[in-house]
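The chains carry the letters A, B and C, assigned in the order they are written, with residues numbered from 1 in each.
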Amino acid sequence: MGAYLLKRLVSNVLLVAIAASMAYFLAATSLNPRAKYEGRQPPVAEAVIDSTLDDYNLNDKKPVFERYVTWVSGVVTGDLGKTWQGKSVNDEMGRRIGVSLRLLLIGTVLGSGIGVAVGAFAAIRQYRVSDRVIGVAAFVIMAVPVFVMAKMLTIGAVGMNELLGTKLEYTGEYTPGLSGWDQTLSRLNHLILPTISLCLGQIAFYSRIQRNMMLDVLGQDFVRTARAKGLSRKAALLKHALRTALVPAATYFAFTFGTLLTGAIFTEKIFGWNGMGAWLVDSIQQNDTNAVAAVNLFAAVCVLFAGLLSDFIVAALDPRVRVS
Amino acid sequence: MRSKVVFARMLRNRQTRYGLIALLVLLLLAYVGPFFGPHDWLEKDFAAFMEPPSADHWWGTTQIGQDVYAVALHGMQKSIVIGFLVALISTGLAALVGASAGYFGGWLDKALMWGADLLLVLPSFLIIAIVSPNLRGGSWLWFVLLLAAFSWMITSRVVRSMTLSLREREYILAARYMGIPGWKIIIRHVVPNLSSLLIIDATLNVSAAIIGEAGLSFFGFGVQPPDVSLGTLIAAGSDKVPGYSWLFLFPSGLLVLLVLSVNLIGDGLRDALDPGSNS
Amino acid sequence: MTILEVNDLNVTFRGGIKAVRGVSYQLARGEVLGIVGESGSGKSVTSLAVMGLLPEGAEISGSVKLHGQELIGMPEEELTRLRGKSIGMIFQDPLSAFTPVYTIGAQIAEAVRIHQKVGKDKAAKRAVELLDLVGIPHPDVRAKAFPHEFSGGMRQRAMIAMAIANDPDVLICDEPTTALDVTIQAQVLEVLKTAQRETGAGIVMITHDLGVVAGLADRVLVMYAGRPVELGGVDEIYYRPRMPYTMGLLASIPRMDRPSARLIPIEGNPPSPAALPPGCPFAPRCPMKVDACDDGEPELEPVGPGSRRAACIRAHEIELKNLDGATIYPVPEPPAETEASRPRAERETVLKVEDLIRHYPLMKGAVFKRRVGTVHAVDGISFDIAEGETLGLVGESGCGKTTTLQQIMQLEAPQDGTVVVLGKDSAKLGRGERTALRRDLQIVFQDPMAALDPRMPVGDILAEPLRAHGRKDVPARVAELLTLVGLEPSHAERYPQNFSGGQRQRIGIARALALEPKLIVLDEPVSALDVSIQAGVINLLEDLKVKLGLSYLFVAHDLSVVRHIADRVAVMYLGKIAEIGAVEEVYARPAHPYTRALLSAIPLPDPNLERSRERILLEGDLPSPASPPSACRFRTRCPKRARLSAEDARRCDTEEPIVTRLAPAADHGAACHYPEVTEVPETAVS
């Protein structure tokens, strides 16, 4: 097991390295940080621009491979380089990473947890009104892209605040100037809408998966055996079908994580959170090569970590794939 | 004969019926609707900026006086074309890569699946967002290729694993023992027997591509002006809500309906083509 | 004392499909009732209806009384309390019948705790006791294992343990041994007998295998097209059947005791439950049909003395004339006499396999995949087939027979050893030669559904090999082939799913014949077919062999079928050949202890023989081919070795036996240090 995990880890690190390098090359060749300086009033001398860009390892006059080598030698020592303004990418990332992780973690846990529960409920109530309502709702939600969902939530929040006088927050991470308990409450308040926006799609997706998997399992012999033993239909479903159907649902975890990551970009942008996702969009628009490369590195690590986690969950749930 | 059975079974499913009707209506709206509107999508009404819906401008006007009805329908045309093209290309690619990897195995399998893994590690959104500024000024068809190039991986993995089990199926073995070359077996026996999966996936890829296009365009990484798509319209409209909500609501509504109808059809197809599944 | 009474039970599925029509029977305490029928006869649906476990949408009418208490229409909660307590059920496929994510012990303990108020520890202890009762070694350790870690036979034992956990009054067994090998089947049937002794339950035994119930049942109910067609004591049914269907069924089975006789098939196919004929459902296939048969469905009525009832208007006539299957069914013409076959040594060798070895890496885990060992699937086997000969390759699952066949079909260099087809060494073939050789070497697969591409019409399926090898005149040849295997040329336009199993297998045979091969490899060609259909396919294979001068390599697990069709037989055990020789020699004087056990385990459709014969029961399971025993592979289970002196037995543990010719016979060899030379007792094979 140890040797296997090590091998797996090595191949994952390799995959991340190649993916991140690819992203760097893409970013370094398609983004143009020089533009940020050239358009300035008063004009900046070319030599000055060159030396500034050289300092930040962003000079497009240097062969891209040379820049890459510089970037890599920084990355392996833990230095992700400088932004186009010369600030440290590490510092910026340190500020933003927590924001994104908080959102992603809550989104994953709530999305999959509630989704599985809703799906199981729908499966037990197959063809009843509640199952149909859940099915229709899931379909509609899955058809609404995150950015439309986020905006609609904002519209809804504004409307609700006007009508009911509530103070549901829809921009930023917290209200500045508060402290202690008030600040915690404010953070929670700010968290509500982004969480809903990120989770709803996941819940809808997982509920469909879990329902379908459970109904697939329902027709299988072991559920019949469980009922032949004297378990009621509901007990057989909850004890035998739900647990077994979790296995295929868990394998979807790795795949949905990519969607979640993309969803986080929209959510952060629309609700004004300064996370990694928002940073990606901003830095592409600002031609900030090193920042883009850093976000990509972060994304690659997250995706692979999700894949590994998914494998572990599957192994924990399914004795058939464990190696003793 | 089989296609008739499948079609009949599909129509018996209520949600598929609704999906088909909705898609038909939306297609008609997109391609015939503009002829009935009072304005052309390029026309600018300098007497009406950001006007709410009225008898003259059914869905209101934009910041620069364009008729939202005309612009939105034009944008929907683009979204539909992009969605279908991307789905077609990416599903074809997925079938080719997945079936070859699964059937031939060995180093080809390893290489192809490693490539798919690599592309999966970086969410496609990120890559396309980085590359697309380079495409500014280029044709939107490049954008289609780019989207397709990053959306075949998951399907190809499914195709591969199904091919692996198909490969051990006796009728494939029979063909092999007859001396029929591998590529012919793939075309004649493997792909036709995966057609259910491919049709379902192609359908769901349509909606994924439409959402993907809209998402990228939302940040300005997709369709570039003066061209419009539902994504660019939603992006333009979303800054103006609340207040000028028609700018946001009409294109968003069209997008949601479009995706919903395609998803309903895809789900119904799954039921009709794959009688074992419950959905 | 009657404990279960079923009266006029009817089950109708959605779409008006009448799966069960008017089944009635009674079951007394300690009695075994066999319900026999082919696939689709409604026998399993009947038992699910009794349990109340039919899928939603099935309409049930009639009455099912357990201890006089009506079960049909009983509230679900009350029925749930009875299930597993008063009625236990054993299902066919023991792998899918256990929940994969819980341990065997936990699932049995669950069954205990549902109906008995005991603590977790006590239930777990009881589970271990039950596992011990059904003969699972180290039950305390094995209780903690997951279903996939059990072998098929062990799972079925555990299933029985679970079914008797609450001491039920009725045990319903739905094809409990169908998925198992014969030696394991013999073990499980013994366990069932033990279970019955322990609980005193009445058993309803559902099976398609007339051999299995012969030795076990007290009474037998025969079903056809959802209806009971004959009911009676086991001897009455087997020795004096009075319904032509039962008579045909018994006549169509290949018998170990009457090997050379031509098999008697029942023509046609069972009717679809959605489109039943107007009168007797068996009439279209019945050799005794008269016009009155179409007037209405005959009721199950008493015939002759005793308790027997039959649903046939001519049953009394049959009783009076004492007819049997062989007299009422037309016996098909035997194939035209072969030209006086030359001695084997003078004939050409079409296939020669020498020291063939095939090892696989053993991978474990689906997510955390890695190599954990080597499977010795085929470990040095040698045999040859002469022109015009049929070699039967028999053995239980996992013995390597399928791997052997794949190695031959691939026509590529094997890992070790040689495969020579028609004088050409497969390792030395060029690409063109290999393709050319494929014409002479063809295969027929086991599963007639999986062997035909469902998306191709039959004509294209048959044309595929013809086109691949550049044959002209394809449509004419396709028509010719269809006629050759007993189908219509017009069938070329239909799709495989429009044919019955037997017809599909005929199409598979036609495809194999397309290129006029010399050697056909038959991979369990009849094991997926019902007996009445199987007989027709076996006859066809026999006819074709003579007509076209073919040689067969016939791979099968059914020893009676091999006895019937093969000239020579090779018995495989764990990747090695245990015994090989002429069929008459091997079956009459089996020399290897494994062959003897195998032969004695075959259930015979003859109640008297079954009751009187002494079975050689093998201990335990087949060892894993990933770690086969050293020296003699059979030594861990060998009943003979147990009787040897310690000194003699040491030889089995240290020296690997090789196939040696047995002195008295011309064509008979066994891989055993101490081969049996005496005749096998009459009752074991008869």
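Please note the rule applied: a contact is a pair of C-beta atoms (placed from the backbone, for glycine too) under 8 Å apart; a residue touches a chain by one contact, two chains touch by 3 or more.
The UniProt protein names, listed by chain, are A = Peptide/nickel transport system permease protein; B = Oligopeptide transport system permease protein OppC; C = Peptide/nickel transport system ATP-binding protein.
Please read these numbers as outputs of a predicted model, since none were measured by experiment.
**Student:** Once you count every C-beta pair in contact for both, which comes out on top, A-B or A-C?
**Tutor:** Of the two interfaces, A-B and A-C, more C-beta pairs touch across A-B.
**Student:** With centres defined as the mean of C-alpha atoms, identify the chain lying farthest from chain B.
**Tutor:** Relative to chain B, the chain with the farthest C-alpha centre is C.
**Student:** Would you mind pulling out the distance in Å between where the CA atoms of chain B average out and where those of chain C do?
**Tutor:** Distance between chain centres, rounded to whole Å: 49 Å.
**Student:** I'd like to verify one number: the distance from the centre of chain A to the centre of chain B, where each centre is the average of its C-alpha atoms, in whole angstrom.
**Tutor:** Inter-chain centre distance comes to 22 Å.
**Student:** In angstrom, rounded to a whole number, how far apart do the mean CA points of chain A and chain C lie?
**Tutor:** About 53 Å, centre to centre.
**Student:** List, in ascending order, every residue of chain A touching at least 2 other chains.
**Tutor:** Within chain A, the residues that touch at least two other chains are 219.
**Student:** Residues of chain B touching chain A in their complex?
**Tutor:** 15, 117-118, 120-127, 129-131, 133-134, 154, 207, 211, 214-215, 218-221, 234, 238, 241-242, 245, 248, 252, 255-257, 259-260, 263-264, 267, 276-279
**Student:** For chain C, which residues count as touching chain B in their complex?
**Tutor:** 409, 434-435, 438, 441-443, 445-447, 450-455, 464-465, 468-469, 495, 508, 511
**Student:** Can you list the residues on chain C that touch chain A in the complex?
**Tutor:** Listed in rising order, the residues of chain C that touch chain A are 51, 53, 55, 76-77, 80-85, 88-89, 91, 93, 96-102, 110-111, 114-115, 146, 148, 159, 162, 166, 364-368, 370, 372.
**Student:** Any idea which chain A residues touch chain C in the complex?
**Tutor:** 1, 4, 219-222, 224-233, 239-240, 243-244, 247, 311, 314-315, 317-323
**Student:** Which residues of chain A touch chain B in the complex?
**Tutor:** Against chain B, chain A makes touches at 15-16, 18-19, 22-23, 26-27, 30-31, 139-140, 142-148, 151-152, 154-155, 158-159, 208, 211-212, 215-216, 218-219, 255, 258, 261-262, 265-266, 269-270, 280-281, 284-285, 292, 295-296, 299-300, 303-304.
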